[in-house]
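Have a look at the structure below before the remarks.
All chains are identified by letter, namely A, B, C and D, in their written order; residue positions are counted from 1 within each chain.
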Amino acid sequence: MCRWAAYIGSPIFLEDVICRPGHSLVRQSHGATRCHTPVNADGFGMAWYGERDEPGLYRDVMPAWSDTNLKSLTATLKSHLFLAHVRASTGTATSRNNCHPFVVGKWSFMHNGQFGGYERFRRHADALIPDEFYAHRKGATDSEALFLAALGEGLESDPAGAMARATARFEALAQQRGEAPFVRLTAAFSDGHRLFALRYASDDQAPSLFHRWSDTRGGRAVVSEPLESDETDWLEIPAQSFCIFDGPDLVVTPFIPTKARAAA
Amino acid sequence: MCRWAAYIGSPIFLEDVICRPGHSLVRQSHGATRCHTPVNADGFGMAWYGERDEPGLYRDVMPAWSDTNLKSLTATLKSHLFLAHVRASTGTATSRNNCHPFVVGKWSFMHNGQFGGYERFRRHADALIPDEFYAHRKGATDSEALFLAALGEGLESDPAGAMARATARFEALAQQRGEAPFVRLTAAFSDGHRLFALRYASDDQAPSLFHRWSDTRGGRAVVSEPLESDETDWLEIPAQSFCIFDGPDLVVTPFIPTKARAAA
Amino acid sequence: MCRWAAYIGSPIFLEDVICRPGHSLVRQSHGATRCHTPVNADGFGMAWYGERDEPGLYRDVMPAWSDTNLKSLTATLKSHLFLAHVRASTGTATSRNNCHPFVVGKWSFMHNGQFGGYERFRRHADALIPDEFYAHRKGATDSEALFLAALGEGLESDPAGAMARATARFEALAQQRGEAPFVRLTAAFSDGHRLFALRYASDDQAPSLFHRWSDTRGGRAVVSEPLESDETDWLEIPAQSFCIFDGPDLVVTPFIPTKARAAA
Amino acid sequence: MCRWAAYIGSPIFLEDVICRPGHSLVRQSHGATRCHTPVNADGFGMAWYGERDEPGLYRDVMPAWSDTNLKSLTATLKSHLFLAHVRASTGTATSRNNCHPFVVGKWSFMHNGQFGGYERFRRHADALIPDEFYAHRKGATDSEALFLAALGEGLESDPAGAMARATARFEALAQQRGEAPFVRLTAAFSDGHRLFALRYASDDQAPSLFHRWSDTRGGRAVVSEPLESDETDWLEIPAQSFCIFDGPDLVVTPFIPTKARAAA
């Protein structure tokens, strides 16, 4: 399991989400409170949008709390839309290529969760990635494979549907070749304009997901864990939900991969 | 292209091949003379056999010349059989998981060369790796894929045949989906008892490969480039050859992947 | 604060102390129980003696639990005398040069603890290192400075006295320019023949230090925390003690830096 | 010896100096042409000024050509004033703390060159750093020591004089305790408003230093080596010069450390 945080709104310094809050993402890398692995120190990463279509990407293998580059970058970079992640490996190596977010063109993606017995059906998951996107397969995580499979399912034109179809295919593989629990996941991704997030599990234990609009900042944070313990206005996103954050707006719809599969 | 060196014989300190000679592998990482890329600084690695069946493995992403751990390890470790490699990436990332040697159980493997247009048929190369060995697919190199495919072809019982069949399959993919030159390769691999090496190209430009027996050391070095410029008794291995080094003995046989394919 | 473990006795695989026990040093890197910082993930290192006078040294900046090189090295290396360390930085950067053990010639040294207000008298601590050893000043830790100062005080001929004199000088600096608590420290060091350890504090809260002889292994472990929770025969070393482990023998004497200073 | 490049003018993407030109700094990391060490692969770094007084800082130990973070950062970051450096170690370790630029508050600094026999007088060079700046001594390079000594000499109020006095002190140490050639150096540094550069040697072999105003960009590059081989309008800065680049303006004055020393 991992922890992540995303932001959309008026430009802010990245540190205002990643480093400075009392329970910032960097603090969560050392002591997360809402997941089984309090230490999320197997690498980290962040993607941020600016003047160009393709986001900036910075990932490294050290614990987020000890990386001096991260501290300096978040203190000087401003963005209206960014994703950040601290990793607790569920098995694959600590390597930049296994760190989130993953970026292909203008799209960025990050993930928290697991597919049960993934190691046993990894080859079949890789086979879901079409040739067109296989050159972007750099590491060995389920997360990157899910992202590339979703791109293959048409993420560009149908973000919710493509992600549901890709998740459904992974869930089917877990059922056929893996083990329960088949799917537990939260994810966030973006095309540089909208921020998408989803919360889903094949059982009743979907990983936590919260969001909060800040009038002060003029923006919204979407996070695994609330960034301040004394802020009572964080809203929990229900399990089996797909969220579209577009400027200050939020649309939440059901996220039901099995229906996507049935329809496919 | 990369450079590599292997040794089989009486136990010696690893530095006697890797660091100390006038044109040692570490020197070649800075200034190789017999390949197009004099700088081989995209990571390095070594595997050495000792008391246990499985070899020790040390790989890292820094240039070999600047790694203090490598200097200390080679100065204190002794082995009767070891493989060492300095990498010049042909495209994939500098990452430990993309560094040679690769190790699966008692087997170690390292590679120099390329398959023409590999990026275009990487997905199909991955599909050649059977489920049984797919969990060992950690990186994105053609080298690791070739090794795992060869394990799937029966490296355990038929080293020469398995490697020829795997190479034939890769060559066929390069012909169908890639580009000329289809194959240029040298490789070395070991089960901890014998050292195997091969030199092959689909055209007439196979990468260089040499060996030399040393009475002083009581062992033999097998290398991309001779380790001393003033030693005149290095022997070049002919192209299209497969070598078995067993103690002081050497058996060289033709290595013709296309025949392997025809027979398959 | 950090955690460390050392061993002297019949040769064993390093993993038997570093990785395999139920509360091994690698486990302590993730969840130490007898210090304020359960996570010790700001790099690690180990020094081991073999055929040569100078020990092998392997240090890196990743958490010990995620380093594949460490796992392989400890599974294949055997030694009769070794030191291993996992670091929790008290302020200085995560860098190989700040990782323990430190090695100068045949001597290795590692440390757990702190000098109160060190950052305020670091320049004066550096000035305690004589020219002869200043070339070995690679990083910025108090630990390395203490080691080099002790070498300057005559560690070669008088290990206990030199370490007491160096500690006394650091304690005096902390009193003059730093802050309470002035000194809390455990340390282990070796010349390749004997293993030395000390436990000391200027107040009544010296860091923990234990040892245990194993008939099975024919050797003794000296550690920050017992390696197995169900072994009841770990012996605690009293505060203000200096220990000499020589083969199976152990001599414990008082360690009183202030007397060393008075005598100097 | 190392290579570096700096820029002052209208904001540009950092890649326009660091990565994209035909003989960009990244190209020079692989094949510099105007120094003895064509390979400058012992780490790299860059500091860039933006909205805040303190610059962003990104440094790492890999060769610049293989760092994916560097590629992404330079493609997305824009700055009106930045410094970038690729390192060829003259002895000290490859470590982030030994990579340039060095940053203290709003000041950034980078250096190319050497002080003869530095290792023999390093302790005395460190002693030139006042307590006030000693906490910023993170690594072991002569470069960082020179920068901190210059801050101690009053870089804030008198950039040229402070740098001359610090250089004079280092030159005196090299004469007393080191060896010829005593000093060969180029350096660039900035307070976020002006860009300073100097070229100096105690003999007649000062490292190369060039600059060029670009009307297209509305800015000026100051570099170790011209960034394009077919641009004939690069101007060489004479040896023993101190340069102040302030917007489009350039003032060059003599840089004579020995006079500074005489006056001190």
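Operating definition for what follows: a contact is a pair of C-beta atoms (placed from the backbone, for glycine too) under 8 Å apart; a residue touches a chain by one contact, two chains touch by 3 or more.
Chain by chain, the UniProt names read as follows: A, B, C, D = Class II glutamine amidotransferase.
Just so it is clear, the structure is predicted and the values come from calculations on it, not from any experiment.
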item	value
Other chains in touch with both chain A and chain D	B, C
Chains touching both chain A and chain B	C, D
Homomeric contact chain A-chain C: same or different residue positions, threshold half	same
Chain pair showing more contacts of the two, C-D and B-D	C-D
Fitting chain B to chain C on CA atoms, where both chains share a sequence, rotation angle to nearest 5 degrees	180
Whole-Å gap separating chain B and chain D, where each centre is the average of the chain's CA atoms	40
Centre distance in Å when chain C and chain D are each reduced to the mean of their C-alpha atoms	38
Chain C: positions in contact with at least two other chains	68, 93, 96
Touch-based graph of the chains, sorted into line, ring, star, complete or other	complete
Contact footprint of chain C on chain D as seen in their complex	92-93, 95-97, 119, 122-123, 126-127, 129, 131, 134-135, 137-140
List of chain A residues in touch with chain D within their complex	48, 50-52, 54-60, 68-69, 72-73, 75-78, 96
In the complex with chain B, residue positions of chain D that touch it	30, 39, 41-42, 61-63, 66-68, 89, 93-94
